[in-house]
Every structure is written in C-alpha cells, then in structure tokens.
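Working notes for the structure below.
We just call them A, B, C, D and E in the order they show up, numbering each chain from 1.
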Amino acid sequence: MTAANWIWLVPALPLAGVLVNGLLGRRIGKGGVSVIGPGVVGAAFVVALALFLELAAREPEARTLSQTVYTWIAAGDFHASAAFLVDPLSVVLMLVVTGVGFLIHVYSAGYMHDEDRLGFARYFTYLNLFTFAMLVLVMADNYLLLFVGWEGVGLCSYLLIGFWFKDRANATAGKKAFIVNRIGDFGFLLGIFLMFGTFGSVAFADVLPSAASVLEPGGPLAFWICLFLFVGAVGKSAQIPLYVWLPDAMAGPTPVSALIHAATMVTAGVYMVARSHALYDMAPAVLAVVAGIGAATALYAATIGLVQTDIKKVLAYSTISQLGYMFLGVGVAAYAAGIFHLVTHAFFKALLFLGAGSVIHALHGEQDMRRLGGLKSALPVTYWTMLAATLAIAGIPPLAGFFSKDEILWRAWDAGHPVLWAIGLATAGLTALYMFRLFFLTFHGPFRGTGEQRQHLHESPPTMTVPLAILGVLSLVGGWIGIPPAIGQALGGVPNAIESWLEPVFADTHAAGTSQAVQGAHAVPPSEYALLAASVAVALLGILAARYLWLARPELPTRIGLRLRAPAAILSNKYYVDELYDAIVVRPYNALSRFAWRVIDDGLIDGLLVGGTGAVVKWQSRVSSAWQSGAIPTYVTVFFGGVVAILVYYLFG
Amino acid sequence: MSEIGVGHYLTLSAVLFTIGVIGVLTRKNAIIVFMAIEIMLNAANLAFVTFAMSIGDLGGLVMVLFVIAVAAAEAAVGLAIIVAMYRHRETVNVEAFTAMRG
Amino acid sequence: MSPELQELLVAYRVVRPALLPVLPAAVLTLFGLLALLVDVFELGRTRGPAEGEQGTPIMAPYLALIGTALALGCVGWQALHLAGAGGPYFSGMVVLDGFGVFLSGVVLAATFLTLLLTIGYSRRHDIHLAEYYHLILMAAAGMLVMVLAGNLITIFVGLELMSVGVYVLTGFRRTRLRSVEGALKYFVLGAFSTGFFLYGIALVYGAAGTFDLAGIRDAVSVPPASPVLLAGVALLIVGFAFKVALVPFHMWSPDVYEGAPAPVTGFMATGVKTAGFAAFVRVFMSTFDGLADQWIPVLWVLAALTMVVGNIAAIRQDDIKRMLAYSSIAHAGYLLVALIAHSDMGTAAFLYYLAAYTLMTMGAFGVVIVMGEKGTENTSIERDYAGIAWRHPLLAAAMALFMFSLTGIPPTAGFVGKFAILSAAVASGHVPLAVLLVLTSVISAYYYLKVVVSMYMWSSSREPIRSHVPAMAAIALLIAVVGVLGLGIFPGEWVEMARASVVAVTGLP
Amino acid sequence: MTGVAIAFWVLAVVAVLCSLLVVTSRNPVASVLYLVVTFFCLAGLFVTLHSHFLAAIQVIVYAGAIMVLFLFVVMLLNLGTPQWFDVATTPLTAVALVLGVGFVAALAAAGLGDFEPSVVGPAAGVPPDVLGSTEAIATALYSAYYLPFLVTALLLLVAMVGAVVLARRER
Amino acid sequence: MSFYLTTILFFPILGAAMLAGIPGRNRTAIRQATLAIAVIHFLIALPLWWLYAPGGAEYQFVERVPWIDALGVEYHLGVDGVSVLLTLLTVLLTPLAVLGSWRYIDHHVKEFHILLLVLTTGMLGVFFALDLFVFYVFWELMLVPMYFLIGVWGGEQRIYAAVKFFLYTFLGGVLMLVGILALYFYHEGATGAYTTSLADLLATPVPGGLQLALFLAFAIAFAIKVPMFPFHTWLPDAHVQAPAAGSVILAAVLLKMGTYGFYRFAMPLFPEAAREALPWIAALAVVGVIYGAMVALVQPNVKKLVAYSSVSHLGFVMLGLFALNSTGVQGSVIQMINHGVSTGALFFICGMLYERRHTYEIAQFGGLSAVMPVFAVLFMIVTLSSIGLPGLNGFVGEFLILVGMFQSHPWMTGIATAGVILAAYYMLRMFQSVMFGDVEIEANRRLPDLSGREIAVLLPLVALIVWIGVYPAPFLARTEPSVDRFVERVTRTAQPVSAGIAALEAPSTEAQSPPGAEPVAREAQP
C-alpha cells in the first residue's frame, strides 16, 4: 500500500532543510533560508497529516503503518533497522512536532531577523536538524533508533542553547543540558542492554507484544528495565532530580525554548513511557515511582516558579511542573491522558513562550518582570493570545489545559492515589497563581522599564503574531479533542476523541486506567463532578490571589518576602539544588580527576614505578663504576676474588 | 725418592704461586708486580715438571720451555711498557695510572 | 741411540703434518714478515707519511691487506676441502673442522676490516708504521692458531702470540698517556691471568696426563671428576673469562678499550673475543663435555653477572669507546648464554652471533674511527656526536643501523643473532636466563639509543668535525652495513652454514 | 733422610723465603736479587726431579737473561732506591691475604698434597734420567711439539718488535 | 599466488627510495612526491575493499614462501576482514598525514617523509603477518621510524618521550619474543616440526599453565601498545611531543596494533588463558575507560587531553574483544576504525591549532567559533563522534561493545557505560573553552580559517565518521565472518588445563637438535 512508502518523507524533508541551510545557507541568504527552513517543516506537517488521514480511514486495529528504510546495525545477534512506525500514538506526536514546529519556525524567521546571514542559516540548520531528530524519535520502530532521535534532540538543544556562544554562560548552559541529559541516557542505554538481553531484540514489534509473556509482573527484570528507561525519561523531561538543566536552557533564543524546551523535546520522556506502557504494566512499582516523581516535580517546580523574576525562568519551571503532571498521568497508567496533556501543553506552553518572546523582542531582550508591566496597550496581539494561554494553563474551562489537567487529576483519584491527586490540585492552584503573577506583572500595572525602552515599544511583525494567533486558537479549542465523559454526556455524547484514537495503542493496558474508561462511558460517578468543581475552584482562587497580590496590593509580596525571609530565600534560590550538586558531584569528581592525574599517573606510575626502575638502574650503574676505580690493585683483587669464588664452589661446594 | 713425594713438589708450587699472586695484589711498583708474576709462572713450571715426571710424559717438560719463552717475551714487552709509562709520569707506581676509570 | 729414546721417537713422532690447516696463519706470518722488512730494504724507513704530509707511502699496509685477503682465500679453500681433509694435524696440535674454519673466517674478516679502517686512522694519528701492521698480522695469526688449536699447548702459545701483539698495539700511541696506561693495565692483568691459565693447564695436565684436547676428553670422560681436574677446569674458565671479558674478570676491558687506538679497540672487541671464545667453546663443548653439569652452573652465574653489569655500567658512559667496551662485555654475556645452552643449536647460534657481532661492532668502531680528527679521536657521545646526523647523514645512518643492530632490532643481523641465542637458551630450558637476556637488552637499548639521540636529536655545541671518510674506511663501512642488513634480512644461508660448521666441532678424534 | 729429601727441603724453604722477600722488600734491586735466588732454587728442584736440561735452561734463560733485563730496567729508570709509594699496606692487602689463604686452602682441598697420577703417559716406562735428558726433550720438541715451537718463535719476534716500538725514544 | 599484499607492503619503501633521490633542499618537490606516492599507494590498496570476499577463506591474498628454512620461518602474509579494514585505514591516513604536515614540518623534510613511508610499511607488515616471526620483525621495525618521528620533529620534551616510547614498546616486544620462542619449541616438542606459522601453531593447543604464561608474555606487549591502564603513561608524552602527523599515525594505527595483536595472536593462540584472564583484563579495560576519561578532564593541554581520551576509548575496544561474543567483538573492531578516524582527525585538528598559535594550551584559545566557522563545524562533528553521538561512528562501536559485554558482565558494562557521560563532560568542556566564549586573546582575533589543504585533510575523515555512523553495514559485513571465526576459536573449550611451565622443558629435551642437522644425543640441562 502506498501511504507507507511516503513515511520516510516526514523526517527526510527537515533533513533536506538541514543540508540546504547548512551547506548553502550563506549562499541563498536570509530570504532563502527563511523560506526553506519553515517550508520543509510545513511540508512534513502536510505529509504527517496525510498519514493521519490514512490511519483515520482504517479500522482501529489496522491503524499502523511501518517502513524499513535500511538495516542499520546487524552484528552478531544484535539487529536494528532504520525503520519507522506510524500508529495512532506516533502520528499524534508527529502532528504536534511538525505543526507546532512549523509555527515556531515561521515565528523564528521574524524573531531572528537581526542575526547575520551566517547565524541565521546556522539557526535554521539547527532548528531543522532538531525537527528531524524529534521526528526520528517519535517515528522510530525500535528503541535504538528512538535513542538516536533522543540524543539527536539533545544535541540540537545543546547547540541551540549555546546558539549565542559568544557569551560563555550560554555555552555553559548548553553543556550542562547535554551532560545532564547524558546521565539520563546512561540509564536509557542500560535499559536497552537489559531489554536486549531479555527479549533478544529492541524492536517495539518484538518487545512490547511479548512483554506480558516474557516478563513476570512485578519481577526484577521488568522492574529494572522500566526503571532504567525511566531514568532516561527523567533526564530528558527534566524531572527531579535531573531537572536542573531546563531553567538554564532558557539561555537559548526564545523560539527554541518554545519548541524544544516546552512543546516537544522535553515531552519525549512522556512519549517513551507511554510507548513502553506494555513494559510498565509489568512493573507497577516503577509506575508508582513515575507517578510519585511526577507529582513531586509538579509541586516542587510550581513553588519555585512562584518567586522567579525572569519571565522565561517562570515559564521554564512551569514547564517542569506541567511535565510532572504528564508523568503523574502516565504513572497512574492513564497513558492517553498523559499524551493528551502533552498535546494541549504543547499548544499553550509554546504560545506562552512565543508570547514572552514577543515581549522580550519588543523590549530588546528585557526579561526581568520587575522591569516590565503595562504592556497591554503596546502589544495587543501578544496580550490577548497570552491571556488565552494563561487561562488555558490555569485550567479554566473550556480551554485546553482544563480538560487535559483535569483528566489526569481525575485518573489519579480514580486509580486510588488521593495524595497524588491532592498534590496535583495544589499545584493547579499554584500554577494559576504564578502564571497570573507573570501575566499581571507583564501586561498590567505601570511600565517599569527605561524611558528609551518605552520609545521603541512595538508590536511584533506578522511573522510572529500570526503563529501567536493560531496557537491562541489552539489553546482555546485544543482541549475539545479530549472531553471527558462526564461533560461529554452532558453535551450530548461528545466522545473523548483522543482517548478512543489512542485506544488501539493502549488497548492491551490492563491497569486501572482503561477499566474506568470503558465503564466511564455509561455511568459517571458523581465524585467526578466534585473533582471538576474542585479544580476549577482552585484555579479561580489562584487567579484571584494573584490579582490581589500583584495588582491590588503590589507592595504586599515584598512585605511577605521580608516577613518570611528564609522560605523566600530558599525558593528564589531554587532550594539550592544546583549548589548541592556542585558540592557533592561536580567538585568531588574534578578533584578526584586531578588526583588521578597528579598522584596516580604522574606520581605513582610514572614517578615511582617507571622512574623508580630507572633510578635503581642508574644507581647500580654508579656503583659499578665506583668499583671501576682505574687502579690495577683493585682490578687484580676483584679478579682473584672471582678465582677463589669459583675454586671454593668447586672444591667446597 | 724416599719420603719426598709428588705431593711435596705440588704443594711447594702452590705455595709459590700464591706468594706470587699476593705479590701482584699487594705491590704497587710495576716492576715488582712483574717479578711476582714471574714467580707465578715458575710455580706453574714446577708443577709441570712434577706432573710430567710422575706421569711419565714429555709434554710437561716441553711446556716448561714454552713457558720460559713466553715469560721472556712478556718480560720484554712488559718492561718496555714500563719504560714507556715512566716517560709519561716519572714513576712506576701502578696506582698513578688511573686516568681512565668509571 | 738408546732403546728408550727410540721408544720416545715413536711415541712423540709428528702425526699428519700438513700445510693445509696452518696455511692461513702461514700466509699471515709471511706477509707480516714482508710488511716488516720490505720497507726497510726498499726505502730504509718503516714510517709512512702522516695525514696531510707528503712522502712516499710505505707498502706495509697494502701487503697486510693482501695477506689477509689471501688468508681469507685459503680459509675458503680449507672450507672446500673440509669434507675430506678434516681432522687433527701435527699430532693433534691443530684440528681442522667446520667450527675452526668458520671462526677463522670471522677472525680474518675482522682483521681485514680493521686494516681497511686503520690505514687512514694511523696516518691521521701518526702511528703509520710498518711494525703496526706487522703486529696486527701476527696477532691475527695467533688468533688463527687459537681457533684451530686441538691442544692446550697450542691454545696457550697462540693466546700468548695474540696477547703480546695486542699489548703492544694497545700502547702503540705511546705518546698518549691513555694508550700507555691501557697497555699497562692490559699487560699486568693479562700476564696475571696467564698465570692462572697456565696453572689450570698444569692441573688438567696432571689429572689427564696429556695436553691433547681429545685425549683429555677420553681421560676425564669417566666420572667422577677428580678435584684436581675440577680445580684445573676452574682456572681454565678464569683464563678464558679474562680474555673474553666476563664479569668479574672484565675490569681491564673498559680502560683498555678506551685507551687503545680505536682500530685496535675494534680489533680487540672482535678478533680477540672471537679467538678467546673459539678456544673457550671448543674446550668446554668438546673436551669437558662430560663435565657439563659441573661447569654450566658457574658459567650461568658468570653470564648473568656479565649481562647485568655490562649493560648497567654502560648506561652512564659518555666516551663511546668505553661505552662500546661495556657493550662488548654485555655481548660476551649473550654469547656465553649460547655456550650454556650446551647444544648444537647453541653452538650454531654462537657462531652466527659472533659473525653478526663482529660485523656490527666493527661497523660501530669504523664510524668512531672516521669521526676522529688529527690529534683527537672525538669520542664524547654528548659533545662530538651531537647533531652529526645532519652534517654526515650517511655516517650517522650507518651508526644508527649498527646501534639498532646491537640493540637487536629487526631486520638486522643483531636481531637474528639474539633470536638464535634465545632459541637455544629456551630450547635447553634456560628460560630465566633468556628472560634476563631480553631484560638486559632493554637496558642496552637505552645507551645505544643515546648515541642515536645525540646524533639526530641534539644540536652540536662544538665546531663541526672535519671528518673526511678515507676510501678504505668507506669500503669497510659499506661491507659492515651490507653485512648487517644481509645477515638480518636473509639469514637463511648463514644460519645453515653455522649449523653445518657445528656438526664437526664434536668430531674431534 | 736421603740426600734428595734434604736437598728438597733446603731448596723449598729457601725458595719460599726468597719469593716472600721478593714480594715484600721495599727495594726493587733487592727483589730482583731474591728472585734470582728463587730461580736458582727452582733449578735445583728441577735437578732433584731429574730434568737437568730444564734446570740448565732455567738458570741460563731466567737468571741469565730475564733477570738481567729486569735489573737493566731498574737501573735505567734508576729505581734502585726504595720507592716512597710502594708500602705493602694497601687497604686491599688484608683482602689479598684472606683470598690467598682461601686459594691455598682450595688447592689443598684439590688434593695436591697427596696427588697420585691416575694416568700413565706414553713415556711411563722410560727411566727419569732419560726422560729429563736433553735428547728426550729435543725429540719431542722437534716432532710432536713442532708447531707450537714455531709459534713460540714468532712470539719472541713479536715481543722483540713490540719492545722496540714501545721503548723507542720519540723522534 | 598473487603478490598483491607484497606490493602494498613494500610500495612505500620503494617510494622512500625514490624520495632519497630528490635533493633535500627542494622541500615542496619532496612533499608533492610523497603525497603522490601515498595517494598511489592508497589507490593500490583500495581494491582490497571489494576484492576481499568476506564469506571466503579465513585468510585471503595469502603469500607463503620459505624465508629462513633453518628456523622454519616463512614469509607468510594474508588478510582477513579485520586486517583489511585496518589496512585501508592505514593507507588512507598516510596521504592525509603528509598533507597535514605540509606546513608543520619545516626542517629535515626529506628524512621526515622517508621515515613516514617506512613507518607505513612497518604497520602494514604487522597487519599482514601470518607468521609470528614476520609479525615480530615488523612489530619492532615499526618502532624505529616512529622513534625518529617523535625524537627529531617533536616538541620540547621530545627526546624523553621518544626514548620512553621506545623502551616501553621494546620491553613488551622482547618479552613477547621469549613467549614466541617458548611456543615455538612447545609446538616442536608436540609435533616435531619447527614453525612460526600462525596457522600451524593454532592447530596445536597449548596446555593450560603454559598457556597462561605465554598469554601473559604476549598480553603485556600488546597491553603496553594499546595502551591499557596501567601501562599507558608513555602515551601522553609520546602524543604531546610527536608532530601532528606522528600523533595521528600513533593514535590511529599504532595503538590498533595492540588490540589487533590480542585479536590475531594472543587470544586465539591461548583461548583458555584468555578466558581465565578475562575478568582481570576486562576490569583493567573498565578502569581504563573511567580513568582515562577522568584524567582527560583535567588536562590543560589539548593534545594530552586527546591522548588520555584514547586510553578511555581503547578501554572500550578491549572490553569488546573480551566480550567474546560476535556483537561485542564486531563493535570493538568498528571501534578500532572509529578511534582511528576520530582521534586521527582530532590530532590533525590539534596540529592545525598549533600551526596557528604554536601552543596546545587550552587556555590560550577561546571563542574560535566566531573566527573560524568552517573549522568550528568540522571540529564539532569530530568532537561529537568521539563523544559517541548516535548517528556518528563512535556510537555504533561503543553501543555494540557495551551491548555485547553486558550479556556476560552487566556490572562492568554498567560502569563502563558511565564513561559515555564522562566523555561528553571532558570533550564538551574542552570544545567550549577552545571554541566558545568571546575571543579574549588578541592573537586569536585574526586566525585564518581552514585552508583548502586543511579541509582536504579533514573532509575524508568526517565523511567516514558520518558514513560509519549512518550506514555501518558494509564494514560489519566485511568483518563478520572473521569475527565469528575468532569468537568460535576463543570460546571453544580444548583439553583441560594441565602441566605448567614443565610442559616447556619436557619437549625441550629433544628440542636440542635443529632441523636439518642430525639429532645429537645430549641430555637437556636442568
């Protein structure tokens, strides 16, 4: 059948973009690049859409396309192909990646126009490369290829964070991102090794179906495989304890933050866990860990987000927090819900970042909220779109965030984790609070910037505002693909589109999730409505609190800060985690390395062993030449000594 | 020969030889060192003659002739060397000649 | 005439006198005498023109060369007739066998190279005397006698002929203190060791009742060995050990090598060693074969000491002649290992190694010789050899080749030789000795490399050496280079020859 | 006690004493003279061993030629007086004596003291006087030992040339 | 019998001879001539890629003629998949080395290039040899030119480094020589035939105790060359001091001789011993991986950093070899090539930096990306490949090694995998301080970007980096059968372990008589 033969196009198009921009970038100039760069991604989106329709047209069971491009590695028993798999799950991600990606590419064309030709081409090369890698990640039909994309996106994030490498800090941030990710990948690799050892293959088609039969539920193998894989996810998706790189990653250009560090790459972990659900179902313990870490991260990040003053930092922590939600979702085996939130989050978080970008753009790089304010009039488009996104993330119905977040909370409750639910709820409140803090500080109140900044205030060009608008719309309606039964029935049987779409992928899940999903179709327990109400209430509460604190009584936060100095300090210093890692990991390692070099290498091996031998030989040499006194009596005496020695050996020995 | 046996002669030669060796070891006057060496050679000669007689073979006796010839030759060369070295250092002290060492 | 005398006439008649075995030595003697006399009668003078000065050349050097070449020819002739004419001559005073012929070849090759190298040198250093060449030839004749000797007396007189000649050669530059000092030390210690050697002969004679090697072997073949015999063997070991400079009887050699004129040093390092080892190996491999269990342990210790001390002491030498002296001590240790292996394989290895060793050592000394200038020999590795590679590339390359060969790096003769000796040692189960050998040769790499380092990697701190290479010396070096490489890359025939020569060693009557 | 015995003991004692004096006396001239005496004693011992010819050679060549040569050099370099440096108290002397004792002990252990020939030579039957006679030695020298004899001749020539070369004055 | 290998082997010597004819003054002529020779040599050798039939006989293009009959030594050459790849790597790097040292070498140009060519022959000989004697000859022969390259054209400490390099390798070599001899005589004792032919020796299994001793004798020599911790300390000195081309060859090819030695000789000849030593060697390899990465981190000198990274990478290779399964060994073979390509490129890059600033001090650079964009791109790619980024060559090798080793030794593999993190740490740190940040040092402001020549040096390597990373199949296919044979041979269980060194003396009693000469009855010495 034909559709499958076109699969390779999806990643190939961005790759083509990479080659063109990378090799000819300087030749074709900014104009050419800003056509090619977004163009290829848009094209990829179209192909992805075609594939989606192709799938949609099929029976739920038949909704998988796959294409093997070539055999990549075949050595001994090990075998891995460069092969792509398009099924309901991956196609969703493909659409997000290409779609949101396309918008952000377009936006970037405007945002980066100040770069010189070289930088501009470089930027789009990286961005296309990222899209390519991300597509490989989501389309891979085996774990190794997935890992290729996995590291590929990591590389691009490294390159793009350090895009303005002239400032060492940016480069350092990029390095940090890469290395922390590597720590996660280390786990991922071990997971793959163990998986290969267990299943003799790393292809989804071999591993996932046979998981239930090969692995014993709750057995050590399942536990370790899943745990190792999850370590990878933790690194990539910036969860506790490996989240530290993401805030620093904000050093990159804002569109990059939007694409990589909000919409797509960081959600790869969620995708991977969802993709491996068959394994995770065998390891409930790990699922619990996932959920726990997710919830903890959500709350933890939210608290930090509360006090950050850098607009992008706030968004970064909010991203971490939202990712926590997603893990909470998949952690309670509500994979579809997790993916759903992934999608909606992609919409509104991308939008938030782009909006922030537009603000920063307008103020020539000002990111400190304490010097913003009252931009409402100056940046109308940005304002309204941001408002939509903020409401969405705050979880105000009927915006995108509401449905997905609520789905997760409800599933958490339903799966019998009231504690996790409570944490989620609290986080929801905090989210609303700090997001509106950001919103108010940025757009309302007096302008706190410099005079000449005020002069140059201007709305961004259409290349930037149009994507904003589109994403704004998506943030408004994006959630409607996942209307929960509770409301769906009220509205007259609107189905939970995404859930049923993903159903074939997660069908074999026999955890709490689906059982509910199935029976949820007809009978909705009253508790669900209560929960809905609760979360909405919390969200509104958060918004009101924000309004009171940062619009009505702007001096109040400072006073609170003075009142509770210690907690405030802890928060604004992000719980001193960076300092902690530096103290217990980085410094000791460097010291140990220095020791290995100076003491073991130079001192012990070279100095003592090698040098020592040499010294002994030289010393012996001195001794023997001391005997060689040059005086005949000595010589004859030694001679005679030899004679007597031999004679004695013969006649007395 | 009644109670005088081969052993006596050999012992004597051994003693003489050792005396010669000691001389070489202890004296620094090159000439006296040479003389000591001559004593060693003579000791060997005595041994040769003794053995030859006791075994009943002419070889030993002939050997003595060769040894004497060799002794003469060495004496000639050795003394020439002494003369040469004396020209350099005005001394025949072997320990004065330690330009080369180590 | 009394019946007893008649009896003696029969008992001591000369058996199988013939020219063939002694022909090379005879030729050398003849030309030696000619070299001494011709100039006197022709020109009434025996001193040739020194370097740079005019004057009719003397004939001695060329006579010597011709004589040596002829002698070599004779050796070849011997080799051809070996099959039929092998065996003892002159009542067993000399024995014509493959072993002897092979080593005669080596000795004469060494002599030939020495002569080629020495002509330019002796003119430069003003010892260009007929006597000089005469002595070289006579010493070589002595070596030949030793090499072929089948009787302790022959060994003794041959040894003395060689030694006395070399004593004088050592002191030949008598205007230089070091030369004379070398001669003094060599002479005193040499005479001293002669004493022991002689006494050893006496004791062996006493125990075996004869000087004839074959006879002795028959006499001592019945164990247990009498103590007198053992004492004799011990003293013989001492005598040989001195000649080939084994620790602890080696102490003369560094000083003598350093003091002697460079060509003579080379001659000592190769010819004298070869002759000494020839007699050594012949006596112990054939005559005292039965006593192997007695002498192997002693030689084992000597070999170990020699390799270790020789190599270690060489490390801190700056005078290249002295360094080469220690190096030749070390190589004596290696050769001894071949003897200790106590097998045909070992003896073959020994022969091969001697050939290789002679070539590379002569080569090395050849470079040392041409490095010299009028009045000075320029023997300081650090000062004189620094950076010569870029002024005399060929010379340096040759030296480097010899150094690597001495270290034992393929594809050089030195490597194959070491390989052969190691094989023999391992084959006889002397693995520890083999390991010691390779370890010490790692040490040796250090000081051989020092020369290369100096030539190629240091920059010269003195005014450039005006060393022109005399044609003769160039030929000699060429021979050495070709030989070292040839024996290294195509060792097949040579190994075969050595093997073949061995077969006859034990073939004493 | 036969005459031979007496002769042996007398000669032996004198030989040992004189050789000791040779290596101990400070004055080279004295040493030379003691050495001559030693040689005479050895010649005497040869006589007691019935090799009169060797005894004669010993006296003629050694005492006659070699010793004169020594004496000549001593005079030439006028070393006739005690040499300040030549005290026999080298730090090595002690070592030398110890080693010497060891050497003698070893030779003793080798059984030189009570040596009995285990083999019989080709001339075993011949009476000692004949064996030691000039004719006998000549017989062997010019037949069986002919080759080494020649070599010895060369040796003397070389020594002569060498001595000339070394001792000759600078031109 | 074709003389293809002989041609490849001695062509450089021929070229060197021709070079000798050119007057030393005319430097460019010499450089061009050498380049031409090297390129022709590459073209001569290139067909191996296609001519070698992976499925076919174990050794191909075999040449076998008697050399030293007396010792049973034969001139015996042949290649299998692994040696084919290493050969091609070698011949590819020589011309690049010439190009790379076009400016770098400014004195004694002629000698330099002659030695370079001789070196090539030495290295190829090692890869071709199927006879232990021949192998040893080339093993040592290769030592000499390298020693000169370091000692004459090296940096400040060059002499120390050169001598150290020489002594280290020589020490290992001579011990191996004793090992070879012991094997030689054991074989003679067992079969009565004197031979140093690998095939024949393989046919005669050696008893365990002796095996262990011999394995050690070989292993030390190879471990020094690899170099494995703790025998590695010659490497940093040699690398830092050697001229660019020298470092390249040293890293890219010479180090492989060690691992190749394990692959071709040490392990197949002594399988039981190899398996017995496996945990120890694997442990050392893991230590090497981590230790190398750590020490590399704190190096202030680019070259030294790369040198230590080699210690780390070669640790992976050793790990793969001792995985003793096809996957791991395949990976380790690929990794040999990878390391050759990537580290080779890195050393070229060091050379380019040095040509511009005459220092290797990392602190002396910074912000070069802005000044030299093209350089930045290539440098980045090479760096990433050395980090083992998927899609580039490094990953394929390391992954296969680790996945192979994991099956038997999960814990060690786990630790080794951490090396992947550390690699990223030290490489990126170095890259950042050299390339990123603002240009602080005036001298760096106007550095010229890569010249055409320099790009020509790096491009082939970068191409390989990508090719092997994206499509390693052709390489794997060529090595697979050989590797399978290797694995089969090493994992095969022979007769149980028995007599020790004694087994060495046992045959030696009759080992006395050499072939040819009739045996002489004589007791062996104790």
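Here is the rule we use: a contact is a pair of C-beta atoms (placed from the backbone, for glycine too) under 8 Å apart; a residue touches a chain by one contact, two chains touch by 3 or more.
Because the structure is a prediction, the values reported are computed rather than measured.
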Quick one: which chain's Cα centre is the longest way from chain C's? A
Which chain's mean C-alpha position is nearest the mean C-alpha position of the whole protein set? E
Between A-B and A-C, more C-beta pairs in contact link A-C
Relative to chain B, which chain has the most distant C-alpha mean position? A
Chain C and chain D have mean C-alpha positions lying a whole-number Å distance apart equal to 30
Centroid distance [mean C-alpha coordinates] between chain D and chain A, Å: 104
Averaging only over C-alpha atoms, locate the centres of chain A and chain E and give their separation in whole Å. 40
Using mean CA coordinates as chain centres, what's the gap between chain C and chain E in Å? 42
Touching two or more other chains, which residues of chain E qualify? none
Residue numbers in chain C touching 2 or more other chains? 8, 12, 153, 156-157, 160, 164, 167-168, 171, 174, 183-185, 188, 192, 203, 206, 209-210, 227, 230-231, 254-255, 316
Could you list which residues of chain B touch at least two other chains? 10, 20-21, 24-26, 28, 33-34, 50-51, 54-55, 57-59, 62, 66, 70, 73-74, 77, 80-82, 84, 94-95, 97-102
Which pairs of chains touch, using the document's own definition: A-B, A-C, A-D, A-E, B-C, B-D, C-D, C-E
Would you mind writing out the residues of chain A in touch with chain C in their complex? 617-618, 620-622, 624-625, 627-628, 630, 632, 634-636, 638-639, 641-643, 646-647, 649-651
Can you name the residues of chain A that touch chain E in the complex? 70-78, 118, 144, 147-148, 150-152, 155, 158, 162, 165-168, 171-172, 175, 178-179, 182-183, 185-186, 189-190, 192-194, 196-197, 589-590, 592-594, 596-597, 600-601, 605-606, 609-610
Chain A contacts chain D in the complex at 633-634, 637, 640-641, 643-644, 647-648, 650-652
Help me check something: in the complex, which residues belonging to chain C touch chain D? 1-2, 4-5, 7-9, 11-15, 17, 22, 29, 36, 90-91, 93-94, 129, 131-132, 134-135, 138-139, 141-142, 145, 151, 153-154, 156-158, 160-161, 164-165, 167-168, 171-172, 174-175, 183, 203, 206-210, 219, 226-228, 230-231
Can you tell me which positions in chain C touch chain A when the two form their complex? 184-185, 188-189, 192-193, 196, 227, 230-231, 233-235, 237-238, 241-242, 248-249, 251-252, 254-255, 294, 297-298, 309, 312-313, 315-316, 443
